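Right, one structure below, let's go through it.
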């Protein structure tokens, strides 16, 4: 009788931070994972309500707690949003394949995020910043619908101070916004990186990923080095329940991070093309 | 090929050639049995058949074809369900051409692993009161040979409904085969998991079946599609028949008999009999 | 401990004050009677009554305003029709139809309520436990 | 290979029934269903196949997988698994267990609930006497004589059964009552050979499939064909509920009797909710996509991910489908 993979481990919410009007970042403690790769996800349980997959957005080097940025969407996320500090939730994971951190050593890195899609990328940025000297240029292109919907606003400046080139854009400007206005593809050309060799990591809504991938190829980034994190409904996270089985690949086992060529073989619908 | 089939095919061919309809819903042979088919070209008309194996109610497809002009082969009960769909504003009578076929009852479909050898007239057909559709643009008379009951065993009269419900797999075949179960947010399919959840088997089968029965009361045209589609053969039509009887006794109303007759809940008047 | 029937009472806003009054005036009714107050008897979805049976109720009682005392007659008539239909359904599937009843209760009829409930409870006790939830659990 | 005569079989059955829970096909209302039997006579072995596959003994339609008491903070992990013998499974249904094994027991996260059930149930298969019209187990080499997931294979021949132990558990069951068995003689083996030939000949479906081509089904989908067939489909999901192989499950969390409970149970890809996310995004929106998925999953996606076909050719979906959707048509076209 093996361990029960369907049973989450209890953890407490120790901090809740409002990111945007409908997104909060929850800090859970203790960190019951022995370690994870940035880009992996975990299943969060609201006891008695349900379970849903969320990207881990804290640094893998943070051994004390786990962080999740959660947007209010369905039944489970609504209940998490109603939770308070001290409440207990269940966590199991880490699941899936994260960003290819091993391939990043010594290369330039382009990170493209849209909206809440920055969550799995934040984990990556924090990971990269811990060993900043091992990598080339790191550029983050991040877009949101409005300035108030930008995630991790307090942290973005800090990243820039630690050697990350930051390019922000919003679809619709607000009063006091002096940055660029337009979708994220409009700023993809700005970072000056070694395009043939740079690793690109992108996450966001499916439509954004579709156009970002197209633009990246146009700009001359190598298809071998483009990665995107996809999403799908899942129930078990371990490749048993069949919900995320698309074209021979399980999003929970072979993803959520897919390489460009893998994505071309996914069936339409889940594939960003 | 029976004369009725010949007549049916010529009507359908005429409809398709004149481009009166884009598509005709009918039945075709498929192995030993019969299955629904969609005919859109005059040369495909030869596929159409009509016999006592055609138990499926083609009106089930009408809602998904709402934007098109469709011809439909309809038995008596199918016609009644078209009437109900029109009354409930689900389909437009003007865009449907009903090819009514006179029906003498259909056989129970042959099910996997059954030990019954003979064909048996479906139980719900024994109760049938409408051999011909109440709405018809064309009429094919003397449809299908009168089915011979090869099995002398009368319809099963098991009355232990609780044990019948317990067999249910909650596969929703009854819901999906029913022409009148069209709610996009079905309360028993799990959209509102507080009432009935799809996973709660067998805990919520009682609520599931009774809720469905209540939703079908006064609407069910007793076409038997649910019962015949059911993999474990729960005689659902018998249950719905009882509720229709209640409507008949109390309001003198039977569903799907005429386009002008409004269902009783709609004509409920304040200060009624009191 | 001997078996006591569990009865769920759906009361409309008006008749619920009748039920309250039963309490104020010291009429007793057994503790195994649970009341659920709803704005109007006509909003009681029959599925909820069915679910109450499945969840372990031995009888369900619907109390509603007397049609003759209502300015609008329809709501109580709707409830009456629904209950009557549901009783037919229960009879068909082999559940005693007397387990579901409708009771006309005005807001000042506490005594009537407690009298009727006790009477019905006695009848249900004679009928014995229903236990649909239990019988739906898989055997074998 | 061993031989067990009719009388020996009866005695073996009585022995088993008195020692262990025996589940065997029992006739009820014109159909056969797997039920726990109290004495050997209840079991009927003259059946074409049971209406529903024995899937529920390994993967119940609903099972509790996790309980958590918030007060005592105790975790209860209910585990099923009563020792039992499942007798008279047809080879196709037994082969389905082999597919379950490759999916649900795949490391690193085997399903412990399935594992304990699989370990505690000894599966005894019985060769088919006569293939039905809708059978196509020969296509996937899942019958009609031998399946691939059973512990003991019984083959009915004149005067008794040929017994083949297929696993260590099967071997030990044979050893316990070794005195009943005798070594199969040449005449038995000869009959076995003839039977194999005859049954394969009698199989109605002669579909030649090539693994390589089928696995590419995903890439070579002919939308036209599927659109036509999907038009007929009413998404009743009967096929996945009666399929011996369909393993997809859903979970539900709720609070009951002072504990948070999680159950898992059968789900179906025909449901519009199957892939819909909370945000409303759905990678598989159209009916055609969902319809394609069922066939792609069985014939191409499961083989790609788990290296075995997701269909055993029992014919239940073919026979029960109210609108005559037939997986054999897909096989004929793409096999």
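Order of writing sets the labels: A, B, C and D. Residues in every chain begin at 1.
We take it that contacts are C-beta pairs under 8 Å (C-beta built on N, C-alpha and C of every residue); 3 or more make two chains touch, one makes a residue touch a chain.
Being a predicted model, the structure only gives us computed values, none of them experimental.
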{"item": "Common touching chains of chain D and chain B", "value": "none"}
{"item": "Minimum number of chain-to-chain touching steps separating chain A from chain B", "value": "2"}
{"item": "Pair of chains joined by more contacts [C-beta pairs], A-D or B-C", "value": "A-D"}
{"item": "Centre-to-centre distance between chain C and chain B (centres being mean Cα positions), rounded to whole Å", "value": "35"}
{"item": "Centre-of-Cα separation between chain C and chain A, whole angstrom", "value": "53"}
{"item": "CA centroid of chain C to CA centroid of chain D, Å", "value": "46"}
{"item": "Whole-Å gap separating chain A and chain D, where each centre is the average of the chain's CA atoms", "value": "39"}
{"item": "Multi-partner residues of chain B (at least 2 other chains)", "value": "203"}
{"item": "Interface hub residues of chain A, defined as touching at least two other chains", "value": "none"}
{"item": "Multi-chain contact residues (two or more partners), chain D", "value": "250-252, 264, 267"}
{"item": "Graph class of chain-chain contacts, one of line, ring, star, complete, other", "value": "line"}
{"item": "Touching chain combinations (by label order)", "value": "A-D, B-C, B-D"}
{"item": "Chain D residues within the chain A interface of the complex", "value": "65-66, 68, 70, 73, 75, 77, 79, 103-104, 106, 109-112, 115-116, 218-219, 247-255, 260-262, 264, 267, 269, 274-279, 281-285, 289, 296-297, 300-301, 304-305"}
{"item": "Residue ranges of chain C in contact with chain B within the complex", "value": "46-48, 50-51, 53-54, 67-68, 72-74, 77-78, 81, 84-86, 88-89, 92-94, 132-133, 135-139"}
{"item": "Parts of chain B lying in touch with chain D, wherever the complex brings them together", "value": "30-38, 56, 60-61, 109-116, 156, 158, 169-173, 175-177, 189-191, 193, 197-201, 203, 225, 228-229, 231-233"}
{"item": "For the chain D and chain B complex, residues of the former touching the latter", "value": "27, 29-32, 47-52, 61-62, 132-134, 228, 231-232, 234-238, 240-242, 250-252, 263-268, 271, 273, 315-316, 319-320, 322-324, 326"}
{"item": "Complex interface listing, chain A residues touching chain D", "value": "1-8, 10, 45-52, 73-77, 88, 90, 206, 231-233, 235-236, 238-250, 265, 267-270"}
